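All remarks here apply to the structure that follows.
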Amino acid sequence: MSFDWMKIPYSLLTLFIVVNYGFLLNALIQKIGARVGRRHGIPIWQNYVDMIKNYGLRSSITHGVMFYLGPVFRLSGGVGLLLFVPTIYGSYMFSNLSFAGDLILALYFVFFGTLGMALGAGESGHPHAAIGITRGLSQMTAAELPFGLAVFSVALQYQTLSVTEIVAAQQGGILNWTLFTNPLAVTAAMLGFLGSMMRPPFDVVLAPQEIPIGPPTEYHSSYLALMQTNRAIFPVAKIVIYMNLFFGGADDWLTFCFKVFLIYLWSAFVGVVFPRFRVEQSIRWFLVWAVPLGVLSIVVV
Amino acid sequence: MSALYIIAVGLGSAFVLGMLNERQKNLGYVITLAALTVMSAISAQWLIIFAATGAHPIDIFTAGTQPPFAINLRMGVIESALTLLISLTGLLSAIHMGNALVARGRRAMAVLVIAIMALCGIVLTRDIFNLFVFFELIVIATGGMVLLSDDERAVSAGFKYLIVSQFISVLLLIGIIFAYHATGTLNIDGMAEQGASAFALAFFLMFIAVIAELKPFPANGWALDIYESSHPGFSAIFSAATGTAVLFAVDKLLLIGGAEWFPVASGVGIVTFVGANLLALPQTNDRRLLGYSSIAQTGLILTVLGQQDILGQNYLFIAGGLLLAHAVAKAGLYWLSDLVASRQLTAWAALKERPLLVFAFVTFVAMLCGLPPFPGFYAKWELAHALAAEGRMAMLALILFGALLEAGYLFRWFGYLIKRESDEKVVCSATQAIPVFAAVIAGWVLGFVWGELSVTRFGLNNLLLTLPLLFALSFLLIEWAPAWLKNTVAIGGMVAFFVMTYAEYDPLRLIFAVIFLIGGAITLLASYSAHGRRVGFYPAAMLMYAGMIMLIRTTDSFGFFAAWELLTVGSYFLILRGKESEPHALSYILFSLGGAFLILAGFALAASAVPPAPTFSLANLAALTAPVAPWVFVLLAVGFMTKTAAIGVHIWLPGAHAEAETDVSPMVSGILLKAGLYGLFVLLMAMGKQQLFGIELTHALLWIAALTALLGNLMAIFQEDGKRLLAYSSIGQMGYAVFGLALMNHLGWLMALMFVINHYIYKAMLFLSVGGVAKRTGTRDMYKMGGLITLMPLSFIATLIGIIAVSGVPPLSGFGGRWIFYNAIMTSDVRMPMVILFLAGPIAFLYLFRLIYTIFLGQLKDEFRRVKEAPFWIVLPQMIYVALLMIFAVFPGIALRRVDEYLNQFFPEGGLGWSGNEITSAYGYWNPVSIMIIICVIFGVLLAWLMFVDRKAQKVKQFNIVFSAEAPYRPETTHFAWNFFAPYRKALGFLVLPLATMFWGTITGLLHTGADIARRFYTGNGQTYAFHFLLFVIVAYAIRIGF
Amino acid sequence: MAMKPELMKRMVKGPDGLEFEVEPLRDYYCEAPPTVMPAAYIKIVEDLFNWARAESIWILGFGTGCGAIEMRPLMTPRFDAYRYGVQWRPTPRQANLFIISGYLSTKTLKRAIRAYEQMQNPKYVIGLGSCTINGGMYWDSYNTIKRLDDYLPVDLYIAGCMPRPEALLSGFMDLKKLIRAGKGEGANKYVENFDWYKANQKRVIHDWDMPDYNW
Amino acid sequence: MTTLTIMRELHTRLKALFPVGELTEQRPALGFVTVPKEHLRTTLMHLRVKEGFTHLVLLTAVDWLEEGQFQLTYLLSNRPLAIDLGLRVMLPRDAATMESIHDVWPTAATYQRELREMFGIDFPGSPRLHEEFILEGWKDIPPYRRDFDTLKYANESYSQRPGRETHDPATHMKQQLYPNGR
Amino acid sequence: MAHLAMATGFLLILIGAWGALTNRNLLRMIVAFTIADTGVNLVIIAVGYMRGRTAPIIDGAVSAADAVTRIIDPVPQALVLTAIVIGVGVTALMLAYTYRLFEKKRSLDIRDYTDLKG
């Protein structure tokens, strides 16, 4: 097998950009949320500081092998998800490692981190961790469904499972975006998107006031730092998929940043407005409001 | 020696016995045995002559003149066989009843000899009045023999019998005399020449009287009392010999009656068959149940006699097969019942300490149910084909329904025998054992004979000569050996067979062969962990494997069906070995037999359209056309789907798989389910898409499959029992596989195959690891476990790899299945079922996480602090599976590539491209090697980083958790595991209402209620029975002749 | 000293029928003693870390007394402590700062010790209000500790009854200075004087039913 | 009819049935009567069933050290009439045992646990009575008894920070606000 | 004559059947069966009867040569003989049974012998 070794530094560059953008974006979104509450909010670099602090903590404990590996799984999931999808359309540099697989790979790799994290949190032996995981997994099954349906609808629409080809099909003007050529699918997917971002009204998984704080209850110091890094990468990686599938992808980093920000803002926007659902409520909500749209999009495409 | 001597010896010895001194009991007994031996010998001699030479029947004239002026007897091949059966039954019963006979003295012996003589007479005679005389002799002899019993109630039973017999004889005599009046002859052949239409009423009377001797349903209450109360030795005669003789008498009468009376026989027969089986359901008394079963079997044979018009000369093969199987088995069971002290069915559990007796019981039950390789199986096959060929599907349906009922109560009984407890001891003297084992031997010999006959007559296959079956049966002979030895032989045999034959399979079959044989051998490694002799395990397991390998080796419908039945039976025995498996094994065998009957009906229907019947090459299914083809498709598909546990017929699976032994669960789940898939492969390969009432049947299949996947997964997440969870997961996984098949495109099939391979590996692995844990912890309830990761690390690794693979997360092989799935549905135009399958996908995460978390993670409990890793032999196959899974994940091409090419002949379009390590489809691409490398590199780098920054982590113990500044109370209250997905139940719990269980429960409930209501008509009053009889005659008259 | 029944030694029968002893305090809790955690070897790294620790103060959400009510306004728009990198964490594992917010009864002290020990090094303690300093109005109470620094290594006291949120903000600023100066070594101090602290703790907590150090 | 008259009529009715003491009128809607120990239960039941006092507001105790008695107060409430009636029961201090009423009002069990821990009054049969309620590992005499010296206990158990001063709030504030005196 | 005999025979059969079905007493039932048997025998004889012929006894009165035209069909008569014998046998057996039953329960009512049912 001939391997293009230049892929590695290029991918690391993508990773570097996305990590930093993710840190800043998270802080920005948090600040926007704070401003809605008429607060000043955190400094824009606060997430970096927190991460350094967490790496700087001197002691740590471990509950066992899976506990130790959980954050590694988590971050591998985020990094892998990012690298399996081309970030910038038409750019060889930032096509990352997408030669390994297509859209389906990305869709299923989302679960890699989730599963690993769930296992790690599970080994901590903390009941809140287990409760958080049951909530998270339960909600995920419902939230991923409209997204899955929308993805399939889009794949049918363009008759391909390759992300690059899907983006290619949307080039040539904003009206070629899936957003306008297949609005049902996009609506369904964007509703599902809300459920996967761990923001209100779908944040009962973490529920700090109730089961502090769900799966990561026992995680701290460098484990937490890894998870924070993933927190920066994962939403962006996920949004990249949305962007590529539904919003025409990005030709350059500027468009990329702008589109990612807007898509992220959508969940923040909903999040500051709505209170929290219980798990069974959110499951029903997705099944009643989002899934029918997804089904419809598959039927009419 | 002339056949007349049978009569003569009988009469003569009876006279001699009569003249004996009252005290010369032993001499009398010797004379009795001698007489019966001589009668048997004469019959046997004639049978050999006829069978060897194919000579024509011989008429024996009495009084020196020809009929109609004198009585004549006829001895032919059938007569000789039947008289042999009767006299042997008599002889064996006499041996069996030795004590009772000697105690009662010469009169009882004389009556026995007379009874046997009279029964032979019925078979031999060609004179109608002579028939009557023999009948009356039997009545009297029966009346006498009933008194042999120690049961006081036998007296009243005998009296009831006499009452009804009086009515019968009145009808018979009147019929005879008017028939004589009309024809001027008493000779049956003479009457036959003239035809019955001239004296229809008279014939009706004779006919109905003889039929009444068969105890037709519902006019049979009196006979059951005899079955229940008389000496089992006599019940054996009453069931096996009397039934045989009377059936032959009916056959003779049908000679007179001709074709227009066939429907009467059929009608009475089928009503009796179904009705008696139905009434047998609620019985708790073993002998009464056997009585009902006897009546039902005679009803079935009567039905066959009534179908002579379409069966032609084959009816002898069919009726004979059924009759012999019934007679041998029923006699054997009655003799066996004498060894059991109490009369409840559950008391038979006492037998389970005696493997040989259990084997005898199994043989008899298998014969009664028409399972291969016994004569009833060949007969059933022939009968179904003949009925289907003439379009008598309603009759076929009724017969199969009745047979299913019968299997129901017989296997339930067998379940009692194996699984219930009994503190009674079985005392088995030689005289009691001889008849039973004579019957067993006879059963197997008959199986061989019928197999040979089926070869010569129909070009079928003698199952007892097939290598895999012989290999399986040979384990019966080495049951004395220790388990490890047998295990080695089994593994060696399977591997050797694979090595011998692997070149013969096409790529598709090769995959199945590998899973069945090599996969089976790997799962058998786990069996080394068992100690002792493990009696009964290896014959059953090998029977299952034999069935499975025969399934893929066969090319014709008969071989396929036979293999199907064999693997069903073998797996049933395996499943029944589990701890609480009795009800689940029963529902398994019932659903499986129900499915098998559907398959039989399907093949029969197909054979009616694609000659040559009665067996055809499976490839010829493709030649079927419109009106028949969709029905065949439906029958076969539903039949196969009972094995893959499609939704609706899935209720047997969870219990069966969960309750099975640790090393059996992977066999029945990982391997056995594939038999159903293979069936669907074969079906779809040959028949493709079919339409029924405008519905595309593969679309219906898609819906069923999708619902199966969804509901199987949903039900899995609510299980507390780890093995049950896996079992429901299997249902869901099979849904995926069937879905792939039903897509009917290249990638769909490839996906199904991918699931076949994957599901075998990971489900066998998961069942072994969870089974190993359950073995160590002594419970299967997951919430009772927890925190076992450090104690059972290898089992944990297997489970971890397993769940990653099942969930389809890259980089393991489950992802390949998902990837192919998405590519496959891209080309399909059916979209709604996919939506359901989409929903099913993520749900798998829920139960998989629950499985691994509640068992291995979380809090370790007090009592499990010292458990050890699962036994080596259970861990070893798991590790092999881990390796296989890894290899298959990185190089799926080694298995899939050839199949991909092979599938081109069915679906030239839409194959995969294989370039280097990359796999491409028309829509996407997938590079398993790259994926594995990338993920490993990322993971490795991050892990190294974490180990660098977090190198001093303090290992803490399980209660060192932040517990809102409190301390955990006990591990039990800290381990969050029970009702794990409560919110999910709140949201979607309504989807998992046990509708299918309720549906089948209602059906069985209705059957039992109906039977209970019908039972009330059997008041026990002799007059009521007489009234039933008269009513029966009147109704039969009204239906047949009209008012 | 009455041991709680769930902590007593018990004989347990395993699934294989063998009986063995389970001693919860030994089997369920880590008994390792805490160790002094040295600063990073390279000074500049430690300075960076100290800066980060100072700018990222995560408070354990555990209100021990009436002072807890003063901490809520800190999150509101009026005071908005988030501006200063201060936020609340629901689990001690992730928190660095433990604010003993007011009087501390002996019963709560036990929980406070547990929570404190479950935090990761480095960690800081602020005593809020006069009750933590000398008992305050509870000076003669039979059930309230008088001097917090007898039991936990206090980095900073904020006096008052109760101090207002502004005082708390001011306290955070002072704490930041301490940390940045590398003086926030309470955790190591605790370990160094472990026996003294434990003796003090055990003197008032009569039913000591946990391991000496709650990891 | 005013609440006071209702209360008085109630007292009259009670008096006719039970040997209750005089009515202490705290407020128009709050009165107290003393009941002999052995008549408490019947009185409570009567009030609950016949007079509509369905709610047990609280159960508390007073230590009359000088009289050598504990006084239990069962405060009941009649919601529709919005009146409260307290039943006082006097117990000897040296044998402080009282019949449990947790079967009438389950909440009483909690009060009784507290009273046992803080006063050492026994309520035989009350559920979980001897489990620790607020104090953990308490070894001294019950702290709410007035013969328990809390200051002495505090000084013995806790180290006081030196330099502590105590001021009377009134004089102290006066001094603070008007340091020059007035 | 023959018709009358036959009618009588059937009547007897019906009476016997009726009696057997309505009488609860075992002995009465046996009697009823005997009546029915007799009826059957009568019917058989009646079927075999031919007007104007003599009994099928070949002796001086009827020579063997013209027997075919002179005597009635001998077969039914032979049958009747057999039937009578058998009838007697069965009746005897039933009586023996009745005796055994009576010994056991001291009752002749058939309704008392319903231990076995369903």
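Chains: A, B, C, D and E, in written order; residue numbering restarts at 1 for each.
Just so we're on the same page, a residue touches a chain if its C-beta (ideal position, glycine included) is under 8 Å from a C-beta of that chain, and two chains touch if they have at least 3 such contacts.
Predicted model, so just to flag it, every value in this text is computed and none were measured.
Listed by label, the chains touching chain C and chain D alike form an empty list. Seen from the C-alpha centroid of chain D, the farthest chain centroid is that of E.
Interface comparison, A-C versus B-E: the pair with the greater number of contacting C-beta pairs is B-E. Placing every chain at the mean of its C-alpha atoms, the farthest one from chain C is found to be E.
Nearest to the common centre of all protein CA atoms is the CA centroid of chain B. If each chain is reduced to the centroid of its CA atoms, chain A and chain C end up 35 Å from each other. Remark: chain B and chain E have CA centroids separated by 50 Å (rounded to whole angstrom). Centre-to-centre spacing of chain A and chain E amounts to 99 Å, using the average Cα coordinate of each chain.
Annotation: 78 Å between the Cα-based centres of chain B and chain D. Within chain B, contacts with two or more other chains are made by residues 954-956, 958-960, 962. Of all residues in chain C, those touching 2 or more other chains are 91, 93, 215, listed in ascending order.
Chain pairs that touch one another, listed by label: A-B, A-C, B-C, B-E, C-D. For chain C in complex with chain B, the residues that touch the partner chain are 6, 10, 12-16, 18, 20, 22, 24, 27-30, 32, 62, 91-93, 111-112, 114-115, 118, 209-210, 214-215. Interface of chain B with chain C (complex): residues 776-779, 862-867, 954-960, 962, 965-971.
Residues 1, 55, 59-66, 68-69, 71-73, 75-76, 79-80, 83-84, 97, 99-105, 108-109, 111-112, 114-115, 118-119, 122-127, 130-131, 133-135, 137-138, 140-142, 144-145, 148-149, 152, 155-156, 159-162, 212, 217-218, 221-223, 225-226, 278-281, 283-284, 287, 291, 294-295, 298-299 of chain A are the ones that touch chain B when the two sit in their complex.
Within the complex, the chain C residues that touch chain D are 1-2, 106-107, 110, 133-135, 139-143, 145-147, 150, 203-208.
Taken in their complex, chain C has these residues touching chain A: 37-40, 48-49, 52-53, 55-56, 58, 61, 76-77, 80, 82-83, 85, 87, 89-91, 93-94, 96, 120-122, 187, 215.
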